[in-house]
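Shared between the two complexes below is subunit A, which has subunit B as its partner in the first and subunit C in the second.
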Partner chain A sequence: MTDQAPKSQELREGLEGLALKVVMLEEGDLPGLGAFLTHLEKIQAILPADHGPEVALLFQQLEDVGNKLILQEIAPVARAQELLSQGVSLLLTWARESTFPGESEPWKVYHRGAQELGLMKAAAAPAQAEPEAEPEPAAAMESQIWEDPELVANFIAEAREHLEGIESGLVRVEQAPTDLQAINAVFRPFHTVKGVAGFLNLPQIQELSHEVESLLDEARSGRLQITAPVIDLILAGVDRLKDMLDDLQEALSDHRSLQRFDLQDIKEMVKKLQQQGVPAEAPKLAEILEPQEEIAAPDMDQALKELQAQEKTPPPAEIQVEAKKAPPPNAAPPPVEQVKESKRAPVAPPAPAAPAAPAAAAEGKAASDAQLPATVKVDISKVDNLVNLMGELVIAQSQVRQNPNLLTISDPKLERDLAQVSRITSELQMISMSMRMVPIGQTLRKMVRLVRDLSRKSKKTVELHLEGEDTEIDRNMVEAIYDPLVHLVRNAVDHGLETPKERQAQGKPPEGHVWLRAYHKGGNVVIDIEEDGRGLDRDRILAKAQERGLVQPGEQLNPTQIDHLIFEPGFSTAETITDISGRGVGMDVVRLTIERLQGKIEINSRPQQGTRFTLRMPLTMAIIDGLVVKVGKERYILPAVAVRETLRPAASDYFTVQGQGEIIKVRSQLIPLLRLHRLFRTGNGDIPPTEALVMVVEHEGKQRGLLVDDILGKQEVVIKSLGESFQKIKGLAGGTILGDGRVGLILDLGGIFALAQG
Partner chain B sequence: MSQAARQIQQEASALHEKEGKYLTFTLAQEDYGLEILKVREIIGMMEITAVPQTPEYVKGVINLRGRVIPVIDLRLKFGLEAAEYGERTCIIVVEVQSEVGPVQMGVVVDSVSEVLNINGDDIEPAPSFGTRLKNQFILGIAKAKGTIKILLDIDRVLTSEEITGIDSLGG
Partner chain C sequence: MDKNINFRMKVLVVDDFATMRKIVRNILKQIGFDNLVEAEDGQAALQVLKNENIGLVVTDWNMPNMTGLELLEKIRTDPQTAKLPVLMVTAEGLKENVVAAVKAGVNNYVVKPFTAEILQEKIEQIFKKLAG
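Moving on to the complex of A and B:
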């Protein structure tokens, strides 16, 4: 043993060098491949005499693959390169542990890969791959996790993203089961998850993603037809993986060990499906193309096109990775670190496909955000802090500008400098705000799975259309709108859309459509949730509302007002679920959530044609466009989005009702008047409306005129919480710091309307 | 229950625990003390934005370096006669424990006197004044420099119920 040590050391170093070369390989990189082969030969020269047959086989295959790559006799190239890195990783494990990992998962993965690439026919398939090898006892695994919790946390976040991508991707696969691009788009994230889980030594996650991946692999090589059970199984796998990630996260924060999940059911299903799909002999790569053609036979042209596309541009994402190999250090930081670590750490686990992980991770990255430039991950609290400070800088700057002493100085240079400062500050503010913005697509795509599940459950055919996935929205907002969105989408499918039969009876196409649209409009983010279903049943809503005492029998309501009744808290009760086309269940909660975000919700419904809910929210929760108004000696801020118009009423347009209620006439419309002076007990509560200003504001479809003394200006205000003490005060949404450094209160119209009511 | 328990515990565990440094201030010729550890800073009077639907003693909110904090007039809170704010009027910013964690608030006082080191031996429990006057805000009474200082339990003075004044909340 002892005299062997220097030699094994040399061997290990050699293999590590080899691993590095593999990682650096690029497609068509002939010099790189040459160097790889030379290196391989050198290592073979120093091999100990007693190396087993598997090692010899590995070396031979690696050489073979290398040669074929140079001669371009092997395809797909990416797969072959992956095989190289898997092989080298196996050798490394062998060199470290001085026994060959013949029964381990990586070996099986490698073996399968080699088979696919047609390398295995000469070699006798190793028989020992039969029993399910349990990789690594649990104890070893945990110590590994806690060593680098940050890496694991990153993995959790990334894996969740991947799983979401998979869910939406699967729906596409379901629609076009032969679309290789679509299958690849699902396959790749699984592969990435598997690779990284392997690297982090999370055997169960790795095992499960491997199972599902292998199923997908069969599908993409045309040996397995994608059917509903396959999709269901994959989704079940996704759900299980999500559970595992939840468990992993908990384990990470509580410093406990991982739960064991029972994967037997999924594994058995995979096996069953595979057996159904697998022909007697595993076909060689060249033959794989044939079954595909058969499947696509009904649509020959399409199939040919696909095949061409596939041959010329094998999975496009991979090409992008190729082009980006040897990435700038921050393009995909975790993978780069992983490479380093797997090199250095002498106690590194028999990292299944460790060198493959970075490549795989990069691949996944490129697939998910192909056009994204280099990024840095930053703790969100830092960004929040920055945004807050920016808000204060803007305020501080305007305080300086409004300093009376400064106003007496007339110095053009000072003026210029101040202008320059304010230009830079506002630009800084824009940038810092934009740092918090994320595309809404991820949130919208979560609905894809939801719609699929719902449509199956309710036996309706639903097509979901997503538009404006790139629309950016404040990160904090994304989380806040998720629940309302789920609610509205669920309502749309469950209650808005009719069953295929009903639809056909009305002469509509049997499949229902749901549109989710996100776009920017007038400084707001707008999200539409629209379906082409039956529309709101106003008669029944009205009847229900009267029954519940929300509307007095004689009361005249216009259609919009009737529609908005479904947002009334008293309106939604369990029994209405199946009644009035079910709308109204928890709709008050939806409305409240949106309004808490300083947003608005609108309904647009046409009988038999469908319903559209429109959520209109400020771009961020931190800043709103406000109108500063003066009431008495106080200043209040009104959300500009709610203000319809401002006017000074003529005496002839002002009426009182029984000496108490006040109304103004705006064109032909009668609008109740609210006196902020009285509600907030400030200033002259009896000021004649003709001497004041009326702000016509709209909230939940109701219009009111707010009486104020003056409008002081329109400005973007940074919303600050008034703190716990003032939570219960009605009519206030928060505070802000105005230009003179004083606090201004932001009005909450819902609260003010309620205050005026009673 | 916890109220009673606290009462007993307060008296039993000697007043020694309350020994320490106090910021003293005056309110209508009376001397008061605040645990110095609760005090964040002392600022001069500034313009206060009134908040509607709050009891009279809640003067409103101020901007403390970008944060919005409530301000209480202690004179009004304790039912003393209101006074014009003058040169010496100050806002003491304290950090109190609320149900949701530490919260900063300002209290308006007539003037700030000094920081005093008060001995446990000099502290006596708050006497009961019967129903006329609730002593729940008082930690104890300290004898110092030939006069007395009323030591305030500021956490209790400034609970959110006290500030929103639930019963006085109209509308």
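Moving on to the complex of A and C:
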């Protein structure tokens, strides 16, 4: 024998083993088929280099048949298994006799069998393109959807959560289009949504996620370059899916049937992109609008110019649409925007868009094991109830403590026990409140998509920086701050930042920056929205405020006061027209919303350097730190944050000014004095200020002195709504039950200032 | 009902999507299994396997951090669990996945969406083979 002998020996033994595996094969025997295929691979690795074309064909067909048996794509199964056995025995003959039995009867039999099973064609075109089979919903599942509405509701919530992840994940993909992990993170939610939709008999959701998934699958396998149009399409898919989920939710609650969505546009775009394969040089920061379907850029420019021409007075920050197209791909780093997470994430590679873990955590036992944080999903209304009841418990507890009969008992043990009870209750209250706290990250990350869209539309290059995503905030506030946040971010990109050209002309880097920072400070949640744009134009603000009669000519205002004019109702109206910022929703609405949350909004702006909006809100809307004050027979609670100082004015510091009412002088500053009983018409005599207390309170940069009889104490109060009928009373933010069981009214300073003025 | 299947055995359902776990659980219950545990990813699944006596694993393919295939490979390389029946849940259109899973030693697979009948058939196939 030649030196080839040991190898052919090995080959023979391998093929004998393979033959044995084929013989043992039963119908539907997946482990057996798996063993067969891995064995086949091993033999292929030791094939002599000079094996003929028939041998190569045989190996290919054996593998093909094996795969098809696994996928149940070949029938009849018995015939296919027989073919395997015939093929292997042909190979054995070849290995034993070192020549291929090309003209023999067994070869002919095999060949005929292979043809019957349709292998010959398949061999010619191995990777048969998947037929455009629409995923058919399982007919047997037809009735399942309304049978288990809870399951559908879970699906809606979970799918939405996963879709949120996609948006920030996509930004990573845009930066690193070849990062397989990032693509996978975007791919997975569509894939999963599609899978579940199949079970729940939601054919349209299934169809849409299938379309997007198939596009992403091309990208995963490297057949498609991820470019801006691809990402736009995926985002469009996300939006459509969200619409469908909204519709599903409504259908679920109204017991109506599902709406029919038109998916033709998306399907066509998918097809188009798949066919193009998309050239690598496709510009990243692409034109505003998609090629054909939409308006061409020149038309858009024209329309905008006309709009601008109609304006008599230009808005403080006008639309800047550059005729210039996207920068050439080699100039300036292309990322449309960048998310720089200042999280001190441990090792983790840029773990893309990990879906919020806590919500998805299992109810099952697995989650309670070792490393995983054990989480339980609880209906939010239960938590709300708990928080409310805890508030009541705190009050009831302090009522007991202040019971006059109890106060007469001097028993050290009772004292200690009561102290213990109150410690436990306040701890319980803290814990129950913390149950409602969620990280703000998800809300901040929603801005990623927004900024991306805005920057594309306004042709400004924007880098978005998120900081403090872990900062916790009351869940009930999350929704409430969303709209103001969107508005501020829009303004930042739309009006705050300049175009790259303008920026360069000023010696600034062409890309603008927007920072979103969340942090806790002094019992507040603070959110900064900052950009490094042009800063507020105070001359224009002042001119406009005068024109609208918000400021009297000749009135002296400091820069902060001027900046705050933009929060005045009626300041920004229809003049801020861009298709991005929309019409008429002014900053006054933002301010109102924040104030309704017991929060404050501040502006810090420097010309040519940028503007920062700071939102300061209490950790929770349920409780405020209040000062309990007495005015006549009434008790009011003042939010402690608003109180600057408390004083008893000397007679010489008290004036009555014609037409302006009472004024006190606090260190060279003149502050109007307000009497609550007059504003609320609760009667009771007028005490001279020298015998009462003046509390200097501040609201929106304005200071007023509130005259009160006495301060009864400082305490945390649980805010209770006054109910429908009293909700709109000016000057009152709500009510609370005080320690002695009486009702205290919580003052709303904005309303009080307005009352005093009107 | 198949005499090869012990419906008392503990079945582990692995999927990162809670709704999907619920669906698989419901279907398994319909078939007759009521001793069910779940895990939201491969790591958690391995932990469960370490601590509990599991008779069958039904795992999704597409999961973050550790795919179903990687989980399967880990199960097969640990002598404690090497012979444990594993059923892979996959989506249509991902054929390479199925073949790879079968080569890695999966006992059976099922394509989403599936009915209770289909899943039952697949499980029966697994245990019939193991018994034979």
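Just so we're on the same page, the second predicted complex is superposed on the first by the 444 of 758 C-alpha atoms of A that agree within 3 Å, B and C clash if a C-alpha of one lies under 4 Å from a C-alpha of the other, contacts with A are read in each partner's own complex, and residues count from 1 in each chain.
Going forward, a residue touches a chain if its C-beta (ideal position, glycine included) is under 8 Å from a C-beta of that chain, and two chains touch if they have at least 3 such contacts.
In this text the structure is predicted, and so the values were computed from the model without any measurement.
Student: Classify the contacts of A:33 with the two partner chains as first (subunit B alone), second (subunit C alone), both, or neither.
Tutor: second
Student: With both complexes superposed on chain A, which partner does A:741 reach: first (subunit B), second (subunit C), both or neither?
Tutor: The first partner, subunit B, only.
Student: Please indicate which partner A:46 is in contact with in the superposed arrangement: first for subunit B, second for subunit C, both, or neither.
Tutor: neither
Student: For the three-chain arrangement built by superposition, which of subunit B and subunit C touches the greater number of subunit A residues?
Tutor: C
Student: Examine A:730 and indicate which partner it touches, taking first as subunit B and second as subunit C; both and neither are also allowed.
Tutor: In the superposition, A:730 contacts subunit B only.
Student: Scan A:406 for contacts with subunit B and subunit C and give back first, second, both or neither.
Tutor: neither
Student: Report for A:192: first if it touches subunit B alone, second if subunit C alone, otherwise both or neither.
Tutor: Second partner only, subunit C.
Student: After the superposition on A, what does A:214 contact: first (subunit B), second (subunit C), both or neither?
Tutor: In the superposed model, A:214 contacts subunit C only, not subunit B.
Student: Tell me, which parts of subunit A touch subunit B in their complex?
Tutor: Touch residues, subunit A against subunit B: 388, 391-392, 395, 634-635, 679-682, 720-732, 735, 737, 741-745, 755, 758.
Student: Under the definition above, what is the set of subunit C residues touching subunit A in their complex?
Tutor: So the residues of subunit C touching subunit A come out as 12-13, 16-23, 26, 37-40, 43-45, 47-48, 51-52, 62-64, 91-93, 95, 98-99, 102-109, 112-115, 117, 125, 129, 132.
Student: Subunit C touches which residues of subunit A in the complex?
Tutor: My answer: residues 26, 28-31, 33-34, 37-38, 41, 67, 70-71, 130, 135, 137-138, 140-141, 148, 151, 154-155, 158-159, 162, 184-185, 188, 191-192, 194-196, 198-200, 214, 217, 354-355, 360-367, 369-372.
Student: Name, in rising order, each residue of subunit B that touches subunit A in their complex.
Tutor: 47, 49-54, 60-63, 65-70, 98-100, 103, 105, 160, 163-164, 166, 169, 171
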